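Two complexes, one shared chain (subunit A), two partners (subunit B, subunit C).
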Partner chain A sequence: MAEVFGLYKQRASFIHGLHPLTKLAVSGFFLLAGLSLPGMWSTYLLVIFGLLPLAFLSRLLLELVSRTGRIVLPFMISVFLIQGILWSGGTPLIEVGPISFKQEGVQFAIASSGRILIVVGSFLWFALTTRPDQLMLALAERGLPSSLSYLIVSSIQIVPRFQARANTILDAQRSRGLEIAGSIFQRARAVLPLVAPLILSSLIDVEERALAIEVRGFNYPGPKTSYREIAQAAWEPMLQRFLLLAMAGTLILSIVLRLVS
Partner chain B sequence: MISLQGVTYSYPGTSSPALRDLSLEIPRGQFCAVIGPNGAGKTTLAYILAGFIPHFYHGSLQGEVNVEGKNAATMPQRELLRLVGLILQNPFNQISGTKVTVQDEIAFGLENLGIPREEMVARVAAAMELVGVSELAERSPLGLSGGQMQRVAIASVLVMQPAILVLDEPTSQLDPVGSREVFQAVREMASSGQMTVIMIEHKVEWVAAFADRAIALVDGALLADGEPRHVLAIDTVWRAGVGQTRYTLAARRLQELGKWQDGKRLPVTLDEATLTFKAFQKRR
Partner chain C sequence: MIVEKAPAKLLPIEIEVDSISFTYPSGIQALEDITIHVSSGERVALIGQNGAGKTTLVKHLNGLLKPVSGSVKVGSWDTHDHSVAQMATRVGYVFQNPDDQLFQRTVWDEMMFGPRNLRWSAERAASSVQASLEMVGLEHIKEMHPYDLTFSSRKLLALASVLAMDTQVVIIDEPTTGQDYRGVQQIGSILSELNKQGKTIIGVTHDIDFCAEQFERSILMAGGRVVLDGSTRQVLSQISVIDQAYVEAPQLMRLAEKLGWDFMPLTVEEFIHHLDG
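Presenting the complex of A and B:
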């Protein structure tokens, strides 16, 4: 059972105690820098010298590596194979019979794998270390409408439930003899009977959920209060502002670099 | 005080009404159970009391619904929700989905109402105590068992202190001990005169033991209304597919065997059964 709340993992680390917006700014910075900086290896530098040390300090290094790996590795492998082999023209690196690996294809694969790595990694690091309710509170304090923050936060935590339900339906279909392994075409056919019940049951849930939060005053007019206070160290707002500046700086830098080259 | 006058309701796009010409009065402080087979319209009745019909579900609503002397259909939802608390049939969907611990989950409604923090802390603790989930305070609401989740759902509505509490099959996931505790807690709240309780329930044995009144619905219409031990002994209620207590079932078995005195009332509770079966034994 996903005992966890969404992806959040409680650990006794100072990172867990940071303000949600501080962590949001950090992962936002990684995301932006990873996507905009030129060069094949820049994202890997960010991962090695930024993300991994932070994951270590959060006491979630293995967790982050294994979760990110499970998502990113299949993509990386296929990108290497497909781009390496199918790159038209280009300089062959290795040749095995009629098949050859092109240098340009491999370079492209390294760069795009790095991007995926930093995007998935920094999102997961954020989700693993940030309590969703505190994120919601922090967003509300910044003036985000509560319905919007509810949407964001409840969907972060609903993803694992969606997965669990998909697996249940998948198991049921499989036991009725539906083939889920096999060629891409076979799999696509298998997914169809999965989608309908998944969407239908989720829609019914959405309706009941809407009623349930309604009875609990979600749309009650007037200011809300909060059961918890979120702590924020004195230096955190400074760091947040600095990171925002850094994001803007990175963006400008990457544009300039691109124009120059 | 709740009153329904000739209420008929059809969901949008349906032709046959889910409730038919229903008239009822439920006085303040009463513990009223609603029984009936699946599809009888019990949940629909709950939705009407909570104002979801007509505020959320449109369809066609006739008749009048009054809650604490005010028309529920024209009362703004925000006013109605302070009066009526509804615990939904599926506790899983009652969980807000944004809270990490049980106590935060229970506080959700109070946050929305803008209750000051110190008061919230006290009320959340009291509600957890009342339904026996204090030990779960720091657990994730999504990692609970069905029964635990059901209690948390109850606490999360109770904490808002509505004048009227509507519970839709609140013990469906609970074992006998848990069900008894819920019935007891509900009984106490009604007896203290603070709350009117309408509880949709299949566990008729507990209904007979704890509720002041039972309303039997079949096909959207009122079939019987009165003290649970009277309602549960009625033949047509049984034939409609409403569960029976084991004492009534035993008596019905004797009836089938031709060993029951014609016209004699069937026992519903343990006390009645003891008396009736004693007399039965003497006569033989």
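Presenting the complex of A and C:
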């Protein structure tokens, strides 16, 4: 399943039943608000009062937290260390021997970590709750060129496909006596044999998929019909429009706030 | 004084699969309470429809998968206590898709990968590689790039690259996919040759006619369980049972049944012999 639907996780939640564009608008709003609103803590407020409740309603709270954490934590730690220690000038917060943590550096780290958190978190929430094929269909219905929607969907799907392939290839090499546990050197050596078959087979994959969709009329210029339709509640288009307005509003608000301060 | 030539040193290895169950992380239970004993030198086919658990089961035999409960022993080694790389000295595993396995620039380097991992001396590795290439009939293309070979040759190369490691047990997953009649015959004779050397062969196959001709014992799986386990003739002649597992009996047996015979032939020769007799 993972191979077919990217990061998507099936759950019995009403969020999963929402129209893909509604969810796209929600995560787009988080993204825009998180990146544009000034202030050190604004992104954290968005996460706590927006993203986490949504993840809870999607029955994916733990999943989202652990996946986001795995991506964001290493970044956060390094940003705190690097910015805290290397900030030139600034007010020392804690001093340990010759090393001192600067207040300004920590503030910068808090702000940029928050941005990464909201970007990664909202993208993952969207990917976890939305089937890529449904998204593709929804985008095509709105007149998005099919080559573009294909591009979007295939890039969502590529990571899990890549992972699955990499695991299979690694299994094949281990079965021929390749030791992957042990020293870092041994591990690095173990990864090398993976690279060639992984890239080669991915290229073959891409070509075959291109052929497969082309013979089914992918580039046919005329209007196309769709076998499936995506249900959407009457209030959803309204919410989508509202979110678009909210995005514009947030943008204006953040510009004004910056001009004033 | 007569110096006896050292016999090929294959220590007999028994495989003990003791009531194992396995569940994938996605929650799908793939194996349920499976117990199998395979003696050294046997030729066993695993048959069953897609999703019956055949590949999952053989992945337990070299430790790629570890049972959730129960144990798998290859000789004295429990797969829980040994890495896949260690198991590779006893169990060779030929993957279904050669493209998951082949990655070197030349056929020769590809073949040397396994023996090098086992830290063999250069001479031992080279002679084993040469012998395995000859066995599958690819010795004339040592310098070619594996990806320039046809699919069926790549499949033979994947097989040879595992044979070069000279393991007592050889697992081969869907060996006949993409092979024409001659290719199937060739793989059959390679398996016979290996068996003559005393090796244990465990094959996963959809090709029921190939199973009938090449394997003395068959294990029919369905829904993660063993349904039938016995001599190939015994197993395959229970046509109604194997029908229920969505496997079609070999064509010769179906023909024999239609003819009202009691005798269930496995090979064309047997069929003709019975017809004449």
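Convention: the second predicted complex is superposed on the first by the 216 of 261 C-alpha atoms of A that agree within 3 Å, B and C clash if a C-alpha of one lies under 4 Å from a C-alpha of the other, contacts with A are read in each partner's own complex, and residues count from 1 in each chain.
Methods note: contacts are C-beta pairs under 8 Å (C-beta built on N, C-alpha and C of every residue); 3 or more make two chains touch, one makes a residue touch a chain.
In this text, all values refer to a predicted model and were calculated from it rather than measured experimentally.
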* Asked: In the superposed arrangement, does A:168 touch subunit B (first), subunit C (second), both or neither?
  -> second
- May I ask you to decide whether A:49 touches subunit B, subunit C, both, or neither, giving the answer as first, second, both or neither? neither
Give one of first, second, both or neither to describe whether A:220 is in contact with subunit B, with subunit C, with both, or with none.
first
Practice task
For A:242, select first, second, both or neither according to whether it touches subunit B, subunit C, the two together, or no partner.
Solution key: neither
In this superposition, the partner of subunit A with more touched residues, subunit B or subunit C, is B
Checklist entry - Now for A:41: first (subunit B), second (subunit C), both, or neither, which partner does it touch? => result neither
Overlap of the subunit B and subunit C interfaces on subunit A comprises residues 1-2
Seen from subunit C, its contact residues with subunit A in the complex are 26, 59, 62, 64, 83-85, 88-89, 92-93, 95, 97, 99-103, 113-114, 117-118, 147, 161-162, 165
Residue set of subunit B touching subunit A in the complex reads 50, 52, 56, 77-78, 81, 85-86, 88, 90, 93-100, 103-104, 107-117, 120-121, 124, 140, 142-143, 156-157, 160
Given the complex, residues on subunit A that touch subunit C span 1-2, 165, 168-169, 171-181, 193-194, 196-197, 200-201, 204
Subunit A contacts subunit B in the complex at 1-5, 8, 131-133, 136, 150, 153-154, 157-158, 161, 205, 208-228
